[in-house]
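Down below is the structure, laid out as structure tokens.
First chain written, first letter: the chains are A, B, C and D, and each begins at residue 1.
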Amino acid sequence: MSRKHPGRFHIFIPGPTNIPERILNAMHISSEDQRNPEIPDLTIPLYKDVKKVFKSEKGTVFLFPGSGTGAWESAIINTMSPNEKVLIYRFGQFSHLWADMFQRLGLDVQIEDRDWGTGTPPEEVEKTLKADTNHEIKVVCVTQNETATGVTSHVEDVRKVMDACNHPALLFVDGVSSIASIDFRMDEWGVDCAISGSQKGFMLPSGMAIMCVSEKALEAHKNAQLKRCYYSWEDQIATNKDGYFPYTPQIPMLRALQESCNIIFDEGLENVFKRHHRIAEGVRKAVLEGWNLKLCAQDPYWYSDTVTAIVVPEDKDAKEVISTAFNKYHLSLGAGLTKVAGKVFRIGHLGDLNELQAAAAIQGAEMAMIDSGISVKPGSGVAAASEYWRKSI
Amino acid sequence: MSRKHPGRFHIFIPGPTNIPERILNAMHISSEDQRNPEIPDLTIPLYKDVKKVFKSEKGTVFLFPGSGTGAWESAIINTMSPNEKVLIYRFGQFSHLWADMFQRLGLDVQIEDRDWGTGTPPEEVEKTLKADTNHEIKVVCVTQNETATGVTSHVEDVRKVMDACNHPALLFVDGVSSIASIDFRMDEWGVDCAISGSQKGFMLPSGMAIMCVSEKALEAHKNAQLKRCYYSWEDQIATNKDGYFPYTPQIPMLRALQESCNIIFDEGLENVFKRHHRIAEGVRKAVLEGWNLKLCAQDPYWYSDTVTAIVVPEDKDAKEVISTAFNKYHLSLGAGLTKVAGKVFRIGHLGDLNELQAAAAIQGAEMAMIDSGISVKPGSGVAAASEYWRKSI
Amino acid sequence: MSRKHPGRFHIFIPGPTNIPERILNAMHISSEDQRNPEIPDLTIPLYKDVKKVFKSEKGTVFLFPGSGTGAWESAIINTMSPNEKVLIYRFGQFSHLWADMFQRLGLDVQIEDRDWGTGTPPEEVEKTLKADTNHEIKVVCVTQNETATGVTSHVEDVRKVMDACNHPALLFVDGVSSIASIDFRMDEWGVDCAISGSQKGFMLPSGMAIMCVSEKALEAHKNAQLKRCYYSWEDQIATNKDGYFPYTPQIPMLRALQESCNIIFDEGLENVFKRHHRIAEGVRKAVLEGWNLKLCAQDPYWYSDTVTAIVVPEDKDAKEVISTAFNKYHLSLGAGLTKVAGKVFRIGHLGDLNELQAAAAIQGAEMAMIDSGISVKPGSGVAAASEYWRKSI
Amino acid sequence: MSRKHPGRFHIFIPGPTNIPERILNAMHISSEDQRNPEIPDLTIPLYKDVKKVFKSEKGTVFLFPGSGTGAWESAIINTMSPNEKVLIYRFGQFSHLWADMFQRLGLDVQIEDRDWGTGTPPEEVEKTLKADTNHEIKVVCVTQNETATGVTSHVEDVRKVMDACNHPALLFVDGVSSIASIDFRMDEWGVDCAISGSQKGFMLPSGMAIMCVSEKALEAHKNAQLKRCYYSWEDQIATNKDGYFPYTPQIPMLRALQESCNIIFDEGLENVFKRHHRIAEGVRKAVLEGWNLKLCAQDPYWYSDTVTAIVVPEDKDAKEVISTAFNKYHLSLGAGLTKVAGKVFRIGHLGDLNELQAAAAIQGAEMAMIDSGISVKPGSGVAAASEYWRKSI
């Protein structure tokens, strides 16, 4: 073996994120009998803690093996019937894939394309729902955080217009790269299916689909006709109460999720959000004030506190930046996907992270940009970020 | 916290099994960027090694987040269309659940019930297939190891009768609690979908569905009409070649699986099978010769080398044995499920295990039986097992 | 690499003992700055907890890098001056090595040899001290547990005769293989230097010398003239109060020691002693009643609850038993040392252990004995042990 | 528990250094029997690899529990007799403590004080040795890297003058914070006792004293009269050949040391030195060119590639910088010790480290300096360092 990457690798993709040692150690355990009488001592408090992270008291939690994509599928097949209508706004690779999944699973998807760099427009949702007088739209989808472009949509604003229209559609939220990092309020915002994954704000390895669903979603579940078995809710509703799983769960991941909640509550959920905002704001200052480059997000209204997509000058290739960062500086940046491939690179700044870690990422991105012929002033990124951080920490 | 279980807990359920330290350590790693250029260095050799464990050269491997149940689902939805016909023999809880899944997913399932304690009868399969002159049966299912009863079916014998009938049905094998512990030969036996899970012979935590499928299965996939998305093969066929996943994989589990293959090949796959047989034979001697009790498996033809189900005397309760073993002796035994609940307890003896560990399980089961009023002679179990082991190791 | 030892290796030497996962995980941490302001949050409570294990309120704790042998040296050089007189009874390899160390360090050692299989005889100590009217003997040594022979001396009885003689000598106790496993009472028994190591009852890896010393020992320290530096107490006395070390401590071992104390207190210190006694008693029943063999310990007064030395028949070789156990059954037994080499083998049964683990060791030893031509009845060992355990747990 | 330090803590003291995951995992193992027949498979190759790191073929390795301080003691007591004469140059806290140890152990120490910021002056050594016509000086000490001031002495230059004088004294080198990070050549430079610790270039936790000694040192050992036992070489010389230890070794640390050697050789020993030099040079550019501050090291001849001591302006307090870095930025810097307390802070840059990690440390130090009222331009440190690194990697 050759040692390609001395020192600690800097992982700044928008997930998987850094796994804290407390979580790695919580997973480093012998096998446990998933039917033993002490399992509910683990699972019952865990489900309660996960609900706290979703800010839900009335919700029901489901934990499935799978990435966030698996959570999407579980939400869809458990609440919908063939050919039912869904409204989704598409403005990035992940909202695109979500829309695509609805189609593949046999739903009637009304896809509204928006500029990449914007998000779900509440005013447009309002118009569409108002026009839907027969209430054919069964589900409204909001990608709370479009990971491909660094855009945050405002779920609460969508809720307001749904309420204003008195529209009965279910509200689905993709919170894969936002929940546990950016404020999310299941009950207050009337979200029906909120989905997330383990490898982002929860700071675990990938592999666990984490969902919280409303009573209204459970009601819809009763009549949902899409075929399902493994990801079906009916077998796992009881887990919230008795603590046992219908299949063999990945217990190390359950213990890891408990430790994740412990870590989040040790810091304080609101403090976690503040830290994410502060780090994100520093990264944006590096981009806008230090490097004089543009964000993919078109307006502060859309700025994401978990991922920043940076537009490179038109004649430069973001892929070269990413490749140089990886090979020369041991830094993983996120690539631009499909429409924005080569045009943007992304810095993920979520999960278990502090300012100096972000400084290393800014510095590495800067060095890789200069290496790639992009004209930025050495040290300008961290100069802008650090002055903000010094005053705001 | 009180310390309920000093010392090392003895886990003798038929999965999850003991996780070797080498595997736990292989999983104890920082997050990796699943899109980085070095990922194929991990995945390409891994897929090759997994195929060696399945004894397949022509097969295609799929690794999905999920338990074995998830692997079942993936096999079904990727090869079948609504209302197609399946033949399955039911003789235990897991063959029952498999049949049930086919039904829930909208297939036409011909369920043949057999005594619990027997397995898939080749001669009956032959009769049924011969009668199916229109080749309406699209899939023949064999539960290679029925975990609920400790029964091994002989896949090679089923293959022979399928060949004898010249029947074109796909052959599905549930190898969840057999593959990597009991001999399995994908190519030689003409298996089309072989499914397994990570938490048995592969010695990992639960959470990864491991499948190998034949070229014929891939052909069937092209016309399969069941709806699917997350567990769909089309997005992951390329992974065998380019090494990248369509969704964020659980990289620690991939590294763990590689270490699992390393451990298996270090010992030698055939040596692994021999060790499982030797330990199982010792357990059976303890039951039959030491304790004078009966196995659930009705005939040596059906004996399983990975799990032994022991029938307690009619007036005794196997649940009490299990509960005493757990609480007093820090030993997890498998329960009897549904039909045999309270009538049998099970000793799982697969994965990373040696004779003295099995001796501890035998001794603990014996002590719990005596505590529960079952008349067996102290020390008789290990006396029988150990004399066999002394001579056969 | 070939895989010589599938499954979990059975370690039944009298130390190092099994390391609980909680401790391994507590050690699996990034480096910490040993001078950071949060270090006393770790060390101050740790020193208090260690004192509880020693049952001392007035003592001072010292933690040095080193095995128990290192602790011996620190006790000697910190309290004694060249050519001072020491009284020690020698009845096994470890009391021999202790005596030898006194000599190598330049002390005047009065060695009283006793049969291996007996311990420190209080009545002889009394005679000797009474005769020492000039109080030339500065230190009386008691090996609380002679690991080589499985013999426990009774410190409290020695204390009584010292009090009866009104003799001012310091009382040194080697508690390497007893403290945290067998009752020890620093203050009540008036012990002046009690030494232990990390790899026995404390369940850590080897590498930390753990000592508790009395106020009288600290007084003696002031005038002690033996040369010393690294193991000197003067630099570390303050650690009890301010929590900082004079040299770079092995912080993972400190965190491990804290977790060790947590585990001990979770179970309850007295429960730990009871468990050790119960397991030991089972092992002795296997030897005496099951196998009809003899213990090295000559009388129940001397029986050790942490290690049992078993005498093989005169025409047999204990080394063959040990070698067979290791190679064939993946079981490490302790060898007979020097005088009893080939004549005894030892089972260590201390630390993180339960009855079924001990049953595996008994069974493995039995199988290795039969393989080595020693005539014992198969299953007889666990039969005797298990019946005792069934009734006493 | 409150969560004081989200994200990864940045440890930039000059040891303990970052422990690579490969090493942490190598230590995360069950107890092993230190007398088992497979132990030499671990130890014999390990001793050979350690010698390669010391660049020695003829040397003998000793591994003792202890920090570097313990290694010092072992070297002294194993080669010297009471009142023998030692020559040592003192120019920092660690050369001071070394001199102090010689005194406490009863040697006659000729201490030559030099400015802190300089090192061992070959020309002065030459004068002194020439004057020592009776060869009373038995040992010449060189602190290869004075950790307190960031000063590297040139062992090869001292060797030259010793050869020029034809002086028979032993040459002792303190390589605690240099060996495995800065070039060191045991045999070529004729070093007699080279000592190191585990927690610096070897990237392990603290706790293992690592030494290599020459044949001449072994010869001196035979007549050395200082009292010793635990740290005595005689009991451990054989370990180089048979692989067994005289006391219970800390096997996880031995396995960790093997993995350390593996990592070093994977990268290449010379590449490790180059990386250390490159990172150090970047840090120095940040200090000298970015911040316009002074180094403690007075001349490039003395610059250390493992630790940089930075002098703060006279009216500022380095302690405040350190405290701010720790509490606000989760960064541990090294303090100025005794003479330079409050006047310098230190950045340790050795072990498992890359440029972006060092960038984070530079940035954190800069932010803490600005917070502490020291006038440096934001971003200036990394600007200087990064431009150097961009061109030199």
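Methods note: a residue touches a chain if its C-beta (ideal position, glycine included) is under 8 Å from a C-beta of that chain, and two chains touch if they have at least 3 such contacts.
Just so we're clear, the structure is a prediction, and the values are computed from it rather than from any experiment.
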Chain located farthest away, centre of chain D as origin (C-alpha): B
For chain B paired with chain C, centre-to-centre distance based on mean C-alpha positions, whole Å: 45
Whole-Å gap separating chain B and chain D, where each centre is the average of the chain's CA atoms: 53
Chain centre separation (chain C, chain D; CA means) in Å: 35
Residue numbers of chain D (touch at least two other chains): 8, 18, 24, 28-30
Touch-based graph of the chains, sorted into line, ring, star, complete or other: complete
Chain B - residues contacting chain C, complex: 1-3, 5-8, 10, 18, 28, 263, 266-268, 272, 275, 290, 328-331, 352-357, 359-361, 363-364, 366-367, 370-371, 377-384, 386-387, 389-390, 393
Touch list for chain C against partner chain A, complex: 21, 24-26, 28-30
Residue numbers on chain D that touch chain C, as the complex places them: 4, 8-9, 11, 13, 15-19, 24, 27-38, 65-70, 72-73, 101, 104-106, 197, 199, 205-209, 226-232, 247-253, 323, 326-327, 332, 335
